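Presented below are the structures under discussion, each in the form of structure tokens.
Same chain, two partners: chain A is paired with chain B first, then with chain C.
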Partner chain A sequence: MIYIFALFLLTLLVITAVAIVRTEDLFVSVILTSIFSLLMAINFFILDAADVALTEAAVGAGVTTVIFLCALALTGDQEKPQKEGQNRGQKVALVVVGFLALLIIYSTFDNPRLGDPDAPVHQHVAPWYLEKTPEYMDFPNVVTAILSSFRGYDTLGEVFVVFAACIGVLFILGVSPPRKSLQVSVRKSGLRHHLIPQVVGRLLIPFIVLFGLYTQFHGEYGPGGGFQAGALIATGVILYALLEGEAEALRAVPRRVLLGMVVGGALLYGSVGVVCMLMGGSFLDYSVLAADPVWGQQLGILIIEAGVGMAVCGALLSIFHAFAARERLT
Partner chain B sequence: MKLLEMLGYYNYWVFAILLAIGLYAVIRKTNLIKKLIGLSIFQSAVFLMYITMDKVEGGTAPIIQAGVENPIFSNPLPQVLILTAIVVGVSTLSLGLAMVVRIKECYGTIEENEILDAD
Partner chain C sequence: MIDLALDIMSWILLTVGGACVLIGGIGGLRLPNFYTRIHAASLTDTMATLLIFVGIILQSGFTLASLKLFAIMLFLLLTGPTATYALANAALLSGLKPGPGRSGLKPDAGTAKDKTKENAPE
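Moving on, here comes the complex of A and B:
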């Protein structure tokens, strides 16, 4: 039964994607992207990936949409219609991507079918992770265990990529804009004069932030962890900024606090690794942090998840404010 | 039964089609924001492929519960890879959007052919 539902959702995904590409109104396109992400999140959930579904719902449907809309406010939301003479190019493009799709579909017949327990991907390290997590970390969520300990190097790299992207955005949008150009309409700050978003939003914000903190600290026991928590808390603050105006949000969480969170989060993660080395273990081997190796693992994971949460939340909010400030300046 | 077996590949087919749609937007659309949207569809398609691979028949999310005899879990590893990739995806996407905003300020347009004409 659930698979029939999944087939329905997957078909909807394709329809949404076609609509996203076909429409010439970029605003419609962005809102459809949000729906696309939500459908994708439900699909992930059906495929047993609860953590990923949570992340996709918070990041894909929430933060990405807002950042896209901020960019649209700066660049205009209409796509110019294609000129007549370019139809040949369209045919070539259609043939190329159609051929590519057929090629991939043809190759899928060699793949193991959905849910096949004997597929090669399930034979390699995954059973080892599932078996060793209770022994080494003694908590139930294997995804968190792999993310923060078994594959801690990967995650450290990802945090640095988020950090670097945030610094990049701040540099690119930090230069003062040219005074002339831009015929984009200046909008009123916030939705202060709209009663319904105001009332509903105010009710929602504390619960969103609370849920974010819950996923942060309960990530070892249920779906959740630093990445989801950072995105969720960022969503809550962005909602506040949309309701009350960006200046109010900056008064609640000033810019230097956000920068401190990005830098401090990445630094916290890295320094836990260095402390592990100083205490006689290898880099990011949390077992040496306490007398009991299991406690050491749990302590290390708690700290680095806090670092990840801070870095992600700070980075997403800094990026949002960079776009929003640009809008105010121009 | 044959039909049901074929449906086991449906996720991969959707992956292929989404990949093609995303790629089409990237190579065909001249609007830079539309290109970035296409790129994010392309990215989501890859996420879907990875998460499809993690599913095990009759399994649940890889969260160990006490007192369950012989539990079957889906593969946690692809989930970890995609979880971090989603967050990295949004940061790199916003880097791209920041560049588009600067291009708009310098050239006054975000249509690729007009930018090329202006150069």
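Moving on, here comes the complex of A and C:
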């Protein structure tokens, strides 16, 4: 039964991907990209990867769509018409892509069956993680354990990638627009004259933020963690910005705070590692943080997850505001 | 006996809900213009959500899962019609007049940008 469902979803995924490539209206392709992410999230979910599904749904289908729409508002929603004589490159590209696709399909014949417990990937370190997580951390979500403790270096790197991406976008788009344009956008932006979305939005925003906090602090026991929580809280604030206007959202969560969250989150993560070193362990070895190693691990994971959540939330909101603050260049 | 009655009830609800989704889908494809289409599509947001979720809740009984399903149902019942309203309102503001036939399938390019902003909260 689950195979039929998966096959159906993957077929829809291919149809959506083809539609994204073929459409010339960029607005349509943004919405299709959002649908693609949602389908992908469901696919992840039926593969039992609830953490990844949550991230994909929150970031891919939620925040990215809004940022794409902000970018479209700055540039225009029609694809640039192709000139004659540019089609030769397309044919070469088509041949290369077709060849690579055949190669990849051929190589999948050697793959183990989906979910095969004897597959090499499940025989390497995965059994060790599964066995040691209850002993070292004493909580059920192995994904969080791997993400934040066993492979803490990788996650630290990811947080710095988020940090670098945020700084890069802010450098390109500029942080402070001229005063005059800000005045215009205060008057015009938001959905203040639309009563129904506003009322429903106001009703939902507290619950969205609450759910974000739940995913943040319940990440050790259920699917979730810093990345998902940061994205969810950012979604709540972006919804507020769309309803009340960008200036109101900036008044609620100023730019200083956002930048502080990005920098502070990355710093918090790094400094936990340094504290571990100062207390006699190795970098990001949380066992030394408390008298009991299990408590130490849990404390360390809680703090670094908070750092991840802060960094992701701050980065997404900074990028959103950087796009929203720009005036359209005509 | 009670179990059988609950099963029958829930299967009736699920079947009717599924039919509502189907009708909504057919309507979304077959009806002539934008407003009639979202009218059909909103059937899946409200009627189908209500019927299918009540059907599943009857299946799961008095458990935590039922409470969660109820919360999801409430969420969908609040957001779905709001999204439909926002969509219709955005279309109206961007100059798409409601009317019979295939009139104004696509708003002209100049006003399409406003639509972009209005649609975003969904």
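Everything below uses one rule, namely that the second predicted complex is superposed on the first by the 311 of 330 C-alpha atoms of A that agree within 3 Å, B and C clash if a C-alpha of one lies under 4 Å from a C-alpha of the other, contacts with A are read in each partner's own complex, and residues count from 1 in each chain.
Definition applied: a residue touches a chain if its C-beta (ideal position, glycine included) is under 8 Å from a C-beta of that chain, and two chains touch if they have at least 3 such contacts.
Just so it is clear, the model here is predicted, and its values are computed rather than measured.
In the superposed model, A:72 makes contact with both chain B and chain C. Once the two complexes are overlaid on the shared chain, A:172 sits against chain B while remaining clear of chain C. Touch criterion met: A:222 reaches chain B, while chain C stays clear of it. By the touch criterion stated above, A:55 is placed in contact with chain B alone, chain C being left untouched.
Taking chain A as the reference, the larger set of touched residues comes from B, when chain B and chain C are compared.
Using the contact criterion defined above for the overlaid structures, shared-chain residue A:243 touches chain C, although it does not reach chain B. Within the superposed three-chain model, A:140 lies in touch with chain B and out of touch with chain C [touch as defined at top].
Once chain A of one complex is fitted onto chain A of the other, the partner contacts of A:151 are limited to chain B, with no touch recorded for chain C.
Using the contact criterion defined above for the overlaid structures, shared-chain residue A:161 touches chain B, although it does not reach chain C.
Shared interface residues of chain A (contacting chain B in one complex, chain C in the other): 72. Partner chain B is touched in their complex by these residues of chain A: 3, 6-7, 10-11, 13-14, 17-18, 20-21, 26, 29-30, 33, 36-37, 40, 43-44, 47-52, 55-56, 59-60, 63-64, 67-68, 71-72, 74-76, 79-80, 82, 89-90, 93-94, 96-98, 100-101, 104-105, 108-109, 111, 113-117, 119, 121-122, 125-126, 129-130, 133-134, 140-143, 146-147, 151, 154-155, 158, 161-162, 165-166, 168-169, 172-173, 175, 177-178, 181-182, 221-223, 225, 227-228, 230-231, 312, 315-316, 319, 322-323, 326, 330. Taken in their complex, chain C has these residues touching chain A: 75, 78-79, 82, 85-86, 89, 109, 112-113, 115-121. Looking at the complex, you find that chain A touches chain C at residues 27, 66, 69, 72-73, 77-78, 191, 194, 196-197, 200-201, 203-204, 239, 242-243.
Residues 5, 7-25, 27-31, 33-34, 37-38, 40-41, 44, 47-48, 51-65, 72-95, 97-102, 104-106, 108, 110-111 of chain B touch chain A in their complex.
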